[in-house]
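Next come two complexes, and both contain chain A; in the first it sits with chain B, in the second with chain C.
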Partner chain A sequence: MRPKTQRFIVPAAILVVLAIPLFVTVPYYLHIMFMVFLFATMGLGWNLIGGYGAQLSLGHSVFFAIGAYTAVLFVVYKRLTPFVGGVAGMALAVVAAVIIGLPCFRLRGPYFALATIASGEITRTLLLHSKDFTAGANGVPLAFHGNDPLFLQFSSKAPYYYLALFLLAAVFMIVRTMERAKVGRYLAAVREDQDAAESLGVKTAWVKMIAFVLSAAIVAACGVIYAFTVGYIDPDSVASVNLSIEIAVVVIVGGIGTLWGPVLGAVVIVLLTELTNMFLGGVRAGANLVLYGTLLIVVILLKPNGLISFFDKFRPKQEAEKTQVAHGTHA
Partner chain B sequence: MNPTILFQTTLNGLMIGGVYALVAVGLTLIFGVMKIVNFAQGEFVMLGMYVSWMLATFARVGPYPGLLIVGAVMFALGYLTFKLLIIRVIGRPDEAFILLTLGLSIVLQNLVLVIFGAEYFSVDTPVKDEAFHVAGLSLSVPRLIAFVVALLLVIGLTLLLNKTDLGRAMRATAESREVATLLGINPIRCFTIAFAIGIVLAGTAGVLLTPMFYVFPGVGTLFNLTAFVVVVLGGMGSVTGALLGGLIIGIVEALSSTYISLDLSQLFTFLIFLAVLFFRPSGLFGGATQ
Partner chain C sequence: MEPMLKVTDLKKSFGGVHALKDVSLQLEGGEILGLIGPNGSGKSTLVNTIAGLYRPDGGTVLLEGADVTAQAPAAMARHGIARTFQSSRPFLNLSVLENVTVAALLHTRHTAEAEAVAVECIAMTGLKSSMHLKSSSLPVEKRKRLDLCRALALKPKLIMLDECLAGLNPHEMEDGLELVRTINRSGISVIFIEHVMKAVVALCHRVVVLNQGELLAEGAPEVVMADEKVITAYLGEGYKRACN
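After this line comes the complex of A and B, so read on.
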């Protein structure tokens, strides 16, 4: 995209996205948009460690679940607003990220991915098992007591739409800043060649930990707003391997290690799975996931830099090259 | 502690451990030769179960007589998967392979869901409820058959790897692809055969499981995770390690679900898994390939 057109298209797109709830009132459509924003945000967060840091995490549902459960349980047991409970959830997710990251960052390639899957399964098993505290497999519903902004309860979907959009915008700006800051360049060095970066004095363990912790906090925040939007959480929906995988797939399909990749990936994946589910779900459950898996396979085989690479030719040359470098060489 | 219950639990664990070992040996063979983890291994167990169920339902061929047919079908599936998909990511980073097989596992699981629905099927055999009773312990015949066949297949694979030219070629490729090529071995051919055999072992495990487990689209997920654990426990790439690892995990799961809690049995498996990854990344038994 040339800078001139970009200057016009971006504000126009922002206006359209802001105005959508004024014209679209069908709750289901707004919910689909909400899920697009949510997955775009999680993708941006995952990309910090999975894309820029090149550590393929398949355990990010841990942080989503911690955010969701902490905020919801604070409401259930202490009647504490999710604005406090959510921050507590993000803090706990950061602690979990440190606990998982410290030993796991020593592992590479498939070992790291396997260890993160195991962390996710341990979290899910613990949530299922502690029935007295988390109600186990029954899950925790949030009773609706009418509009109450302090407890994120709204009878319309529009406030949740704006909440998710706001979070997406904030995370987008954070990631963009990071990408250009020193940390971003250190991460790029780690991705290219971990040993070389270390020998040049980059504290690779620290750089990876910063990216991991930040991505955990972002995904935990998503867990919080998901829980209050849907009004119900259970271990199989917020702590499943499938969720961890979908967060990663959004980024990979969109374009790993790029700023717009997760956003594009979320639009494509969420729309694809929701729309096919709407048209085929009643007749053939699973058809949407067949398409989703096929899309992942096709992207891996034919477009390893993600769908965003279709747009390379519209972008300034330097940026396009940056995406190429993003995935060329790390092994 | 009642010794009969303890022995019975251990015995049950050992028997199911044989099947875990079979799934894991397939996975470890693929890893050993190609240095890649097949995240869809459990889905091939599931496919083996469905092929066995179809044979029983539509052709009246029971799981044990149908073992060879399922084996042949699985070999063909493994071969096709390799030629259509896997071969295209050889030489690319680990991530590409992980994501490709993850995508494959999602597609296979949901394709089966689309075709057969979410129903739980079961496969009958005349020996389904038969059991031997010795010294107060009971040993169900399907479990015993699964254990013995699994053991025989693992022994057969070890012989193949150690005593035949094909096996030696595969081991050479596992050691070093470059050196193997210099010796006139075609590494791609070794990869193809190793992958297809790995898939056959997964599918056969599926057949052996049908008298004990319901057949449904998500059943493979259970075996996917367990197989990873077993393979890491035994040392990635080690066939004997995977066999011992499978037996250990079978016993650990049986004991923890009897003595601690049914829903925590997986927790111990994963904790052992992480402990091995962190403290003995080459596996419990050393870790030389093969």
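After this line comes the complex of A and C, so read on.
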């Protein structure tokens, strides 16, 4: 894309996204957009460790659940605003990331992925069986007491839309800055060759931990926003291995280790999910999932470097190579 | 004055294989020490153990008198010990500049500062024309230079070069030797592992010979190469005849 065109398209796209709730009033459509922003944000967070750090995590629902449950339980038990509960949830997610990361970063490749799946299942089981505190499988509903910004309660979907959009923008800028900073360079080195990186003074465990912790905090923040938008959480919806996989799939389909990949991946995956549900959900049990899975396989086969590689020809050469780098197809 | 590096009774075993048996050596500041021996004699194990990649089973490593035994590779780099690998290991999907910048970031958190240091090192090692190329596209000789360049960007006191001339043609080898001399003249001590005896003799102030994990001989290159034990265990009678 030419810089002049880019200068025009980016502000225009921002204006369109900001104006959508003014023209689209159907809550369902706004909710779909909300989910796109949410998954894009989670994808950007996951990408820090899974993409830039090449540590395949399949347990990120742990952090989503910690953020969601902490903020909701703070409201239910202490009547504290989710702004306090949200910060507490993010802090707890950071602690959980350290606890998971310390033993798991000794493992490499598939063993790390297996260990993260295990940590996700442990969290889901704990939430299911701590019935006195979390209501177990019944979940925790949030009663609606009218519009109250302090408690993130709105009768319209538009404020949630803007909240998710703001979080996405903030996380996008953080990741963009991190990509160019020392820690980003070190992560790239770790992804390429851990032993060589160590010999150049890179404390690989520490670098991975920074990425993991930041990634956990971002996904926890998403959990908070999700809980107050939907108004109900239970272990299967916020702590399932399916959610962890979906976060990873968003990034893999969009373009792993790239800045825009998770955003594009979220648009495609969320829309694909909703469209297959809409048109095939009632036709035959599981038909929507069969089509979803088939389309996913086709996309991955056609564009193994992620859908973002469609745009390679519009980007400067060095930027385009980053897509190939992250997938190791340019060696 | 403390020696730059003092290794005492270093031991390392892999299962039943004793790769290093009480190896001791010393390297003075500004010295180039050749480390030679047949394949499997323990040269690379010694370098890996000094650099912290392997944990020794016994013995000590002192750097300018400070005990740095069994510290992690990242800590060793911070102490001023840099190394290259036997098979060159650049970050293949990063450019030459990005590769060297990673090393230069050891002393600063500002990427612009690190890039400036990286550019200096790249110029010094003759890689300027390849600065923006991906290291995967470099030929063997340039990959070896890149290894050396990254080590240099760490601003080390000591560089351990593990067969950095392997696979090079005679002309490239000459250039490589000159580069090592230039690095040494800037005050950096060097441990030079090599099988090309001509290069060892031309470059090293002193030579240590390892055989089956043990120190076999030590001294000036000409003296060591004439040692019967070294000829029998490593160089062979052919080398002796060629010298005569």
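By definition in this document, the second predicted complex is superposed on the first by the 316 of 331 C-alpha atoms of A that agree within 3 Å, B and C clash if a C-alpha of one lies under 4 Å from a C-alpha of the other, contacts with A are read in each partner's own complex, and residues count from 1 in each chain.
Note that a residue touches a chain if its C-beta (ideal position, glycine included) is under 8 Å from a C-beta of that chain, and two chains touch if they have at least 3 such contacts.
Values in this document were obtained by computation on a predicted structure and should not be read as measured data.
Partners chain B and chain C, once the complexes are superposed on chain A, both fit on it without clashing. With chain A as vertex, the superposed Cα centres of chain B and chain C define an angle of 80 degrees, given in steps of 10. When the shared chain is aligned, chain C comes close enough to touch A:193, but chain B does not.
When the two structures are aligned on the shared chain, A:203 is found in touch with chain C, with no touch to chain B.
When both complexes are overlaid on chain A, the residue A:114 reaches chain B alone and has no touch with chain C. In the superposed model, A:7 lies in contact with neither chain B nor chain C. With both complexes placed on chain A, chain A has more residues touched by B than by the other of chain B and chain C. Once the two complexes are overlaid on the shared chain, A:176 sits clear of chain B and of chain C alike. Residue contacts after overlaying the shared chain place A:129 against chain B, while chain C stays out of touching range. By the touch criterion stated above, A:78 is placed in contact with neither chain B nor chain C. Superposing the two structures on chain A brings chain B to within 14 Å of chain C, judged by their nearest Cα atoms.
Once both structures are placed on chain A, chain A residues 330-331 are touched by chain B and, in the other complex, by chain C. Residues of chain B that touch chain A in their complex: 36-37, 85, 88-89, 92-96, 98-100, 102-107, 109-111, 113-114, 117-118, 217, 221, 225, 228-229, 232, 261, 263-264, 266-267, 270-271, 273-274, 277-278, 281.
By the touch criterion given at the top, residues 180-182, 185-186, 188-189, 192-193, 195-204, 321, 324-325, 328, 330-331 of chain A touch chain C in their complex.
Of all the residues in chain A, the ones that touch chain B in their complex are 54, 56, 103, 106-107, 109-111, 113-115, 117-119, 121-122, 125-126, 128-129, 241, 245, 248-249, 252, 284-287, 289-290, 292-294, 296-297, 300-301, 304, 327, 330-331. Put simply, chain C touches chain A in their complex at residues 51, 53, 72-74, 76-78, 82-83, 85, 89-94, 98, 101-103, 105-106, 109-111, 114, 134, 136, 150, 154.
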